[in-house]
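Per-chain residue numbering starts at 1, and chain names A, B, C and D are given in the order in which the chains are listed.
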Amino acid sequence: MAHCIAEEAEKILDKAYPVLDYGFIRLVDYCGSDDRIVQSARVSYGAGTKTYRQDQGLINYLMRNNHTSPFEQVSFTFHVKMPIFVARQWIRHRTARVNEISGRYSVMSDEYYTPDKDQLNFQSVSNRQGRGEVADNETQKKVLKIIEEDHKIISENYHKMLDMGLAREIARIDLPLSQYTEWYWQIDLHNLFHFLSLRLDNHAQLEIREYAKIMLEMVRKVCPMATKAYEDLRLGGKSFSASEVNALKKMLNGEECPLTGRSKEIFEEKLS
Amino acid sequence: MAHCIAEEAEKILDKAYPVLDYGFIRLVDYCGSDDRIVQSARVSYGAGTKTYRQDQGLINYLMRNNHTSPFEQVSFTFHVKMPIFVARQWIRHRTARVNEISGRYSVMSDEYYTPDKDQLNFQSVSNRQGRGEVADNETQKKVLKIIEEDHKIISENYHKMLDMGLAREIARIDLPLSQYTEWYWQIDLHNLFHFLSLRLDNHAQLEIREYAKIMLEMVRKVCPMATKAYEDLRLGGKSFSASEVNALKKMLNGEECPLTGRSKEIFEEKLS
Amino acid sequence: MAHCIAEEAEKILDKAYPVLDYGFIRLVDYCGSDDRIVQSARVSYGAGTKTYRQDQGLINYLMRNNHTSPFEQVSFTFHVKMPIFVARQWIRHRTARVNEISGRYSVMSDEYYTPDKDQLNFQSVSNRQGRGEVADNETQKKVLKIIEEDHKIISENYHKMLDMGLAREIARIDLPLSQYTEWYWQIDLHNLFHFLSLRLDNHAQLEIREYAKIMLEMVRKVCPMATKAYEDLRLGGKSFSASEVNALKKMLNGEECPLTGRSKEIFEEKLS
Amino acid sequence: MAHCIAEEAEKILDKAYPVLDYGFIRLVDYCGSDDRIVQSARVSYGAGTKTYRQDQGLINYLMRNNHTSPFEQVSFTFHVKMPIFVARQWIRHRTARVNEISGRYSVMSDEYYTPDKDQLNFQSVSNRQGRGEVADNETQKKVLKIIEEDHKIISENYHKMLDMGLAREIARIDLPLSQYTEWYWQIDLHNLFHFLSLRLDNHAQLEIREYAKIMLEMVRKVCPMATKAYEDLRLGGKSFSASEVNALKKMLNGEECPLTGRSKEIFEEKLS
């Protein structure tokens, strides 16, 4: 047995997929595939895996029973370019290995993220951390003008300071969170699935979701079976609390839902 | 045995120590002290620790021989307020637990870091990542004016967008890296010493060094013996490569230094 | 604000709770409590937490929405004595800090775990990793006699080799997995909850479950609110896959369960 | 750029190298090579790396200045078979991904480690954790006989219990620490170097050193340049404390060594 090769993944290796206005994501390398998951599970569970003659069945079994370690044997190396505010959300995932461009060593490029006009929404009232209704045309225009002004002045001032010979590590302190940065990011499949669950969720900020969507498709090319199991058992699944499970049982038994108020709302959302 | 109490630490608990223009650091809590290190080492090494009748001797032995796990039994909770560019360097240390204020949930304060005039140095020529000579008075004035302008415009524009009702998560994307943020940060002593070694080093950016200096003093109050061992054996110590050790031996034997060129320079720096 | 003190926890601090025949677990220290969770969440989410006037409500919200970082701000230090085969399962949880007694430094005690007679079950047929039916009286007696013989011979031989002056690190290599070991173990609440979910599960080996049960009660004394949220939302809850959620919707709508075969069995188990 | 291929590594991929009496280690896969280190460093330090025209120079610079993250971009997957007491030392390294055979699922093989006759040393007097003088022939013979007896009885009893139908998870609790186990182990190069530093050290137990030696050679085939830098700058190097550096300076200046007692002994050992 040599390196695991996933045919579909080979085709996209090293291709940059554009994200947002100046960003991209490319799969630099991967190590292992569905085969490696199966192979390492068979080391762990030995005879215990014999009943699963087929790999998809075994992978489903592992995912369903939280046998997460075989998924850690597959790893991915991505090269990503994204705004700093996205990078700051991203790096909260600590079980990854990162090499980011440094503004102390390098002059940063004049690339700042500007949201699409139709993503300039008003603050949500119900959701404290997110966007609500789309802004009216007037507001959109005003906001885009403000953002444009921000970027112009910040960029000019950054270069003025560099031109005066100021140390890069000082000149860059007023660069905006919309400034693009880039990094190499290596992570194993188990932790990547966890990342995707949080970053594909509709509570995640729209911008990072755009990256997560593409990564999910890249993962599918390396590990189609594991991705299938993940989508059915995790991503598309729901967790119900003890009281919700109790409510489900009653309701399936023809009784009324015993939950009330906010608890009932949360419960009903899961079933809608 | 109840909670470990370090008298000196009790006195500073919860006091905010100012750092930079708007920042601070306070020790929110600590768990364990020199006693805990000794106590857990005695569990690990049992009879092996008997020869060390005194705690300082045992702690030195542990540090000298890279028996790092007893140092992991002590932990610290800090509340820190610092510019985002400092936070970005800080969070590269992954073995810590963080709760940071979120610009999606909260309106960020109008606090941006402005370096002291006499820290506005030119780019270093020899050190690609750092500051070199102090800038002349003229340049300093110009830079401070530029920074002032940056902050004024960015702040005004941020509030304009919020006033228009724009979602906070969009309005904040042009806030600068000099914007102050804050977090709770919990870490164990072994990893904190590693953090301090990197962040007290003169290659670290001046601003994060200011925080590290205060943290070292806080750690000393919780674990005076471990801090003493750390300062002698790690922080103030030097690592020599195989060829440098060889050179040392020769030179102590009265021979010439066999190193040349850049290798010799690096070697001599360590001994200057 | 000084150290968080949980009154109920203070009462049990440092008390050894017996587990299995020679084991114990004691809470050596804790850092933080429900208050710390709330306090650090209010740093993170700022104004976002205002709608939660009460701590229990906020803690439930955090747990329900996978805002796990505030739970990482509370930590626990345990002193545990357990058989090595339990320790080997335990140490698979990597996000903890461990100091274990070393058989290279110390002579190991003559304490080996012998299961209770009524826990000497036959191999389960359906569950490849677990116990099935209770063994008959005859078998139980025979097994206990074998185990007794194992322990007697191993212990005698260990001491014979030590008496001959053999290095401890060699003499100990034939000690059995039932040999008791002990360690200091420090972990944060988020990761402890994860540990408990896996180790309270009825697929976990009975022996480690005995430790987990006591730890759950210790955690409850330090963080009653978080433990309540955990028990309702995680421990007592169930995860349903995408197809299972779909089935639930149909069935609540009066339709037949669309699942068949093994999938249906797994689904029905969750609702039984 | 596609997968990094290291020609020398390709030749040994998947070949089992024997270690001890029944153990082995094989390189299952690797991801990245010296090229990947250079490539990711150039992302991080951008223009900062231009002065290093040659890869070896850049890699040395990274290692010398503790720029460890590019080394984390290379990873290794090993399949290892080793005695449980070795596995227990090994797993203390938490930054790795493991799949170990489970004695709950599988019947364990009748393979137990027996040290070579000439490694049956007496307990060291000076070093509490290690072996001292080689035992006399008489003692060696007696010890080997004891070990043989241990293995025979334990194995017979294990199979007796399995034959009676006892659950595997109980039957295995008296298996000895010399029992062979096996696992898949994945780790990045930075953490692997740290593992090697600790496990190649002459304080590490002889048995785990045998594995570490082979791994070092495997790493060399994947990353010859990084391994060269590691051997000169870390493995073959020495750390000197602040007082030792001070002593060195004095001595190079023709003065007497200011250290005394145990401190002097430790210092002189480093220079011998």
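We take it that a residue touches a chain if its C-beta (ideal position, glycine included) is under 8 Å from a C-beta of that chain, and two chains touch if they have at least 3 such contacts.
Since we're looking at a predicted model, the values are computed, not measured.
Listed by label, the chains touching chain C and chain D alike are A, B. Of all the chains, the one whose CA centre sits at the greatest distance from that of chain A is D.
In this structure, the chain pairs A-C and A-D differ in their number of contacting C-beta pairs, and the larger number is found at A-D. The distance from the centre of chain A to the centre of chain D, with each centre set as the mean of the Cα atoms, comes to 35 Å. Between chain A and chain C, the centres computed from C-alpha atoms are 30 Å apart. Shared interface positions of chain D, i.e. residues touching 2 or more other chains, are given as 45, 47-48, 69, 92, 98, 102, 105, 128-129.
Touching chain B in their complex are the following residues of chain A: 83-85, 88, 91-92, 94-95, 98, 102-105, 112-113, 115, 119-124, 128-132, 135, 139, 142-143, 146-147, 149-151, 153-154, 157, 160-161, 164-170, 172-179, 205. In the complex of the two chains, the chain D residues touching chain A come out as 1-4, 10, 13-14, 28-32, 36, 39-41, 43-48, 69-70, 72-73, 75, 77, 79, 97-102, 105-107, 182-184, 186, 188. Chain A meets chain C in the complex at residues 45, 47-48, 51, 64-66, 69, 92, 128-129, 198, 203, 231-233, 235-245, 248-249, 251-252, 266, 270-271.
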